[in-house]
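What follows is a set of structures to go through.
Paired with chain B in one complex and with chain C in the other, chain A is shared by the two complexes that follow.
Here is the complex of A and B:
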């Protein structure tokens, strides 16, 4: 039987998942087609809306700052309401596992790079690390890990002028390890509370870790550890450590493999399931059929067999350069590989970058241009297809990395694209 | 003059380090000064070919003979820096038979073992060679790690009592009348190993003799000594493009007369494509151009077609310090001899105690060092044999079998094996690390022990540690290890110094990476940017920008309401709380 849905969403990251849920909410039948695991699993799990706009000073109220953005910024195109709607949808999906929805003000969260970062939503596991809280802090690093040094991170936070005392220390992770153990090994040990030999006796890994940390706590009222406190039982791990230590424990968001990112990714998948969205995972979209400016079907490569997936509306949420939703070549320039949507870019590839690593990077702006209903536009500003919308990092026009606006842009564009796609698909049905 | 003359060698490239080692081994007091890291100039910016001499066998047989001789010496004394990949001169159908024959005969005349292979035989060795190649000549080319070799020479010189000062640019050559009596250097962070943020000092280093081994910079040093006749080094820039993997395991040369883009050298985990040759005015400031990178890929794809679609991870440029005696008047810089010249300024300019060495090539650095050391010793009437061809360099002593270090140091293969290949006979000493020894750089399999050893050798300069260890030189170009390397500095150095070193390394990686920004590598660069700017927020890091953050203006959370201070200000806007 042919595959036919009202809406097909391509890409299973933050934008794709939220767009699929949003479309399903309108009553449309939705299928989410994903290929590789989402880059969300590499992300810190913080949900940034707008942290900076041009200057090095962090923005306190991201919503108030929206009006200062240029007209072609994805936020300006999607509209302020979409930014709120996106966050509301996010809050609904994640429930208590995230915080920050009690205020419009950004929170400053310490990163494993030792900087503080403005963000709108943060995992509950990271909440006690908030930098505008004056309780003394202890940062734990581990000799078995190389991502950061606890004392060095603490010194650097101090150099940023944080309003609390902060100390750092390098501990040893209890138990025996080979030298090249990965962070997943430590997380697993805490997750299942594996027995380890610690100071001559056998004890659960969580208790052993607490014992290892305890002598260093001193006046600290909160203790930060790398975000590897368990996988499936993260709340339990944190609560156990807090009980042993008698102080708050928080996770410092890390790079890949990022447990906060993985946990969020899992939550999104559950929410997509709950919304009644069908999922086709593991197969790439390799082509499409179009007629009269409308996409008729997309072609999915199912283990060598090309299968057409039909729908009334399509949402492209394949990601940016990192997620491979945008491709590039020496000859081809910058391209959108599935529908070949127009991506403005300088012809000379030596104009794609700035000489300063943290300069204004043109490549960071690469992506499709969209109208207010999120339809990608061709070079002459006409929709590429009447029934194709884009969401997330595949949309260009802003350096969301420098702005710290990546998640917010994904959410805002996803709610518009998903909702419009769902509504339009319903109209199709009525008219047919 | 004292019975132990003091010689200052200017320049920490292969030549300078070779001279310093040689003179120190002959019992002279030696100070080597270098403006940047060791290999900062040309040595660190070459394709890493250990010449068999085959490339010069037609046009410059004297050089070819020196190459094969030194090729054999280096295999012996620097085994941990050399990989004997073998080399092929590949003839395409459009390349001349006559030249192929000349190349073959040239090799034989110069004593370079050379064997003709059919196209099939050549492709058996290198399956990715183009299907339409005609035939090839096999020669004993190799790959050499110029950083490791330089560092080993400097280490040997130190063992023999020499003083090595990096990051100490010469600001003046001291003269008294018509005699050179020393140099004045500016220590960028005080004498000794480089430390970021440490204020610099100037130092006058007096010497009985000064050797100018600064390659492309020789003219500048000559000027400081007030030479009337300019040292006319003609800097020629050339690009090297690094591939993400070894498309070939043998050094591949195009068998035709000189040309751009005619060599591929396998190097560690990568392959390096080279090169161009364009004369430039200033060895420190010249354009790095797109056409050069494109030319490497497009032209060398004729030999190895898969290069067309392969991923490059960065490109870098080097400046050859070509020299020709005044009046030669060669118009095309590619025709300038690769031979080296010893310019005694006493004979040439009437300036005493001062000699420059110019021209030459990396493979014969030791021989050049021997020649100039002979010359210096002669000035002092010292008659001591050169031993640099016989005594192995540190790391290459009695090291015949690469053991599997998995068991001994708790490191899983292949990490242990890679470490042992880099460290040679120093493996035990370095890897026997007290404490956990996790991997810092996954692309190049570099553990903490090696990074710490690099830091011990070069101070807080992570670019120097990078050169010693290869950490941050792999596919991800430091995305996952710049910060880790910086964390290894801490304790010995303060946080500010460690962060400075991190930022400097990050920027240095970007410099070469940006020439490879398309396809997978652009995607990789975007990931790196995301990790360092989005996840870590290092681009807007309040500790390193001018921003003064008013922490009280931001969300102070909901959970900590009981502990006083600025906490408990939640939900003033009537928003939902996180706990309901």
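Here is the complex of A and C:
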């Protein structure tokens, strides 16, 4: 029994990281076991609480809207206080790198499709792009990036009825690039301010980029670029561009690879480390040993060999369908692969989905059912195990993608699961 | 299968033509990589984790090298793109992929096919890569006359000729051979000092601990003996790591056959296999069963451990470290990519944080850039150093001015970029628990 902790958290995304930190705050020894890179790395990096609820109109105050949610919604189960606690914990972890904590009201942030997304917290790098601000805006696209077009984005924003003038323009990213160069190359070049050849002279990539943008600024008081302004030195890149251009510069969240998601993921990892949580990354949890309704150990598949990891309390934060915390098959139906926790779902596979792509999809609600302490419940409403809790997208009961609520659900359920696990582990120690 | 068995199984009614023997080597066509390719949902996690793509924009990245190239290859007139030779086989894409696409397996098979079918076997590049891959053969000759070999390799003219003739970067210092190999030392001391039929481990020292950093091998033996293990040192060849990375799959298979057979004997007698080099353990655990079909290869994979990992699982290593003390010293620790893939990247930091006297700091997630033989090629040297720049920078900002890592080539790169002396975790562990 060499590998032993008070609490083991399975999953290293937003929910797992926050649950681990929360548990460590209670004084428990905590190990985070994570397999592959988190799906957080392809997410927008925006922290939403509740953006929509059934209608096409965005919700202004997500907290006021919580009471309208059904009883089996994770927010209803965790309670409003948990949603606030989750955000407080998040604010503490990310510090000044995120904004939005001054109000309960949703901010509207432009996305790379030209829509505006209601969100509770947003990276400081995206702050100047907020849609409730009426300053004229310029959106820069790059000829080298096929997935992102400045003029189209501006047109879409205008069509969405934003209260400011917005123009879009295509520029060329300074320096020599191969035709299908990736966003990571641009980011790296700006991050280290690599020298590039620009208009006959050698200059830093940041200055060259500012010179390329400058002739287009006109009356615009803020300039939006795809979210690739550096990786480790994103604040410096943005400040340098702002200094050269004399206007605010902001990032527009993109699809994968998403730097705001990657940065948040890196920030969480540092916070987990700083909280004294031990991290085992790279191998999956594939099974467990239980006795008298309590999990004794989880089994980690260490490249073909099964190694037991022991703890008093466990938190399951393995994600939803995309993160593979939930699986499905023709024979087995919808399953939670590690502990085989109960996931309610129609027996007939053809009842799992709606024929309308953007209809109310039953599969989007799939996930484990939890009690108010986040313990997954069996089909007869009894806890699957006394010492197992769930957090994040593995919990069902809501279409968090349509609602724009996944980050908030992850945070709220993670603080409850993490805190309860930590406290209960302490009791174990006292009673032993 | 013996001839006698074949004779008794013979059924004259079966048409011989229908029999298709399963031979997964050397053609990748026999390995079913389709489910892996279909698992890719293009999230780009592999591309953003690839250290080569980050600094070399002409490199199309792991997503192309793996699932996309595999799909392109379904067309008969498409050959493997030569950019596969720019993949360093760091295997970070494996670790990144949230959908379990077997990226490194796809790269290894594509590279093997490219080298086999499209590389001129008389080209300088091929010969150089073959030589680098077969470092063990070179080292076994050099270490017969270590002082002479070290003298010759240290000469300026050797380095100039190496660059001009072979394409070995003259910037790098060729590692020195130990005057006594690990195996010679082990034999001279009379084998293991512990005799314990119930607690035996077979040490896979690999090439580098045998010919160059013998102190790592000695530390391994002393630490395991301290915990009551009898250490066996079976006959062994190169793990194959440099051969996979250079597409020399036939060479790798030849070595693997010996390793599977010899280590298999120890496993049959109840021993587990321990490696001190994380690329060696990676090869035995993952690449062997992914690439070869040799009897006993799965058993070897299941019984192989990295040294500290084994002790963490089977002994109270944390307790032992907790009770120990070493002279005050601070380390800048770098986790090798292949350690990361086995879930071992935090192990040394986690354990040595508990050791009185030792200070250890993780210098971050970046790759060292050398990736075995990769940084030993003139045309890759610049890329290798660009990748390593972040690690060098973090090392210099770390408190310690001694480096630490499990991987011998990462250690070369760390030393090359910073001038720091580099130690293996087993050496510190020996100081803590075996003195």
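Some notes on this structure:
Note that in this section the second predicted complex is superposed on the first by the 431 of 432 C-alpha atoms of A that agree within 3 Å, B and C clash if a C-alpha of one lies under 4 Å from a C-alpha of the other, contacts with A are read in each partner's own complex, and residues count from 1 in each chain.
FYI, contacts are C-beta pairs under 8 Å (C-beta built on N, C-alpha and C of every residue); 3 or more make two chains touch, one makes a residue touch a chain.
Computed from a predicted structure; not experimentally measured.
Contact with chain B, but none with chain C, is seen for A:348 once the two complexes are overlaid on the shared chain.
More residues of chain A lie in contact with B than with the other chain of the pair chain B and chain C. By the touch criterion stated above, A:401 is placed in contact with chain B alone, chain C being left untouched.
With both structures placed on the common chain, the touch criterion links A:147 to chain B but leaves chain C unconnected. Once the two complexes are overlaid on the shared chain, A:292 sits clear of chain B and of chain C alike. By the document's definition of touching, of the two partners only chain C reaches A:282; chain B does not.
In the superposed model, A:380 lies in contact with neither chain B nor chain C. Once the two complexes are laid over each other on the shared chain, residue contacts for A:177 go to chain B and to chain C alike. Using the contact criterion defined above for the overlaid structures, shared-chain residue A:324 touches chain B and also reaches chain C. Of the two partner chains, chain B is the only one that A:115 touches; chain C does not reach it. Where the contact sets of chain A with chain B and with chain C meet, they give residues 39, 42, 177-178, 180-181, 256, 322, 324.
Chain C contributes residues 42-45, 47-49, 53-55, 57-58, 60-61, 95-100, 285-286, 289, 298, 301-303, 305, 309, 312-318, 340-346, 350 to its touches with chain A in the complex.
If you check the complex, the residues on chain B that touch chain A are 290, 294, 297, 409-412, 415, 435-440, 447-448, 480-481, 483-484, 486-488, 490-491, 494-496, 498-499, 506-507, 509-511, 514, 517-519, 522-523, 525-527, 529-543, 545-549, 551-560, 563-567, 570-573, 575-579.
The touching residues of chain A, counted against chain C in their complex, run 2-3, 36-39, 41-42, 177-178, 180-182, 184-185, 188, 256-257, 262, 278-283, 300, 302-305, 307, 322-324. Those residues of chain A that touch chain B in the complex are listed here as 39, 42-44, 48, 51-52, 55-58, 60, 91, 96, 98-108, 111-118, 124, 127-128, 130-135, 141, 143-149, 151-152, 155-157, 159-163, 172, 177-181, 221-222, 248, 253-256, 258, 320-322, 324, 327-330, 348-350, 352-353, 355-358, 361, 363-364, 400-402, 404, 406.
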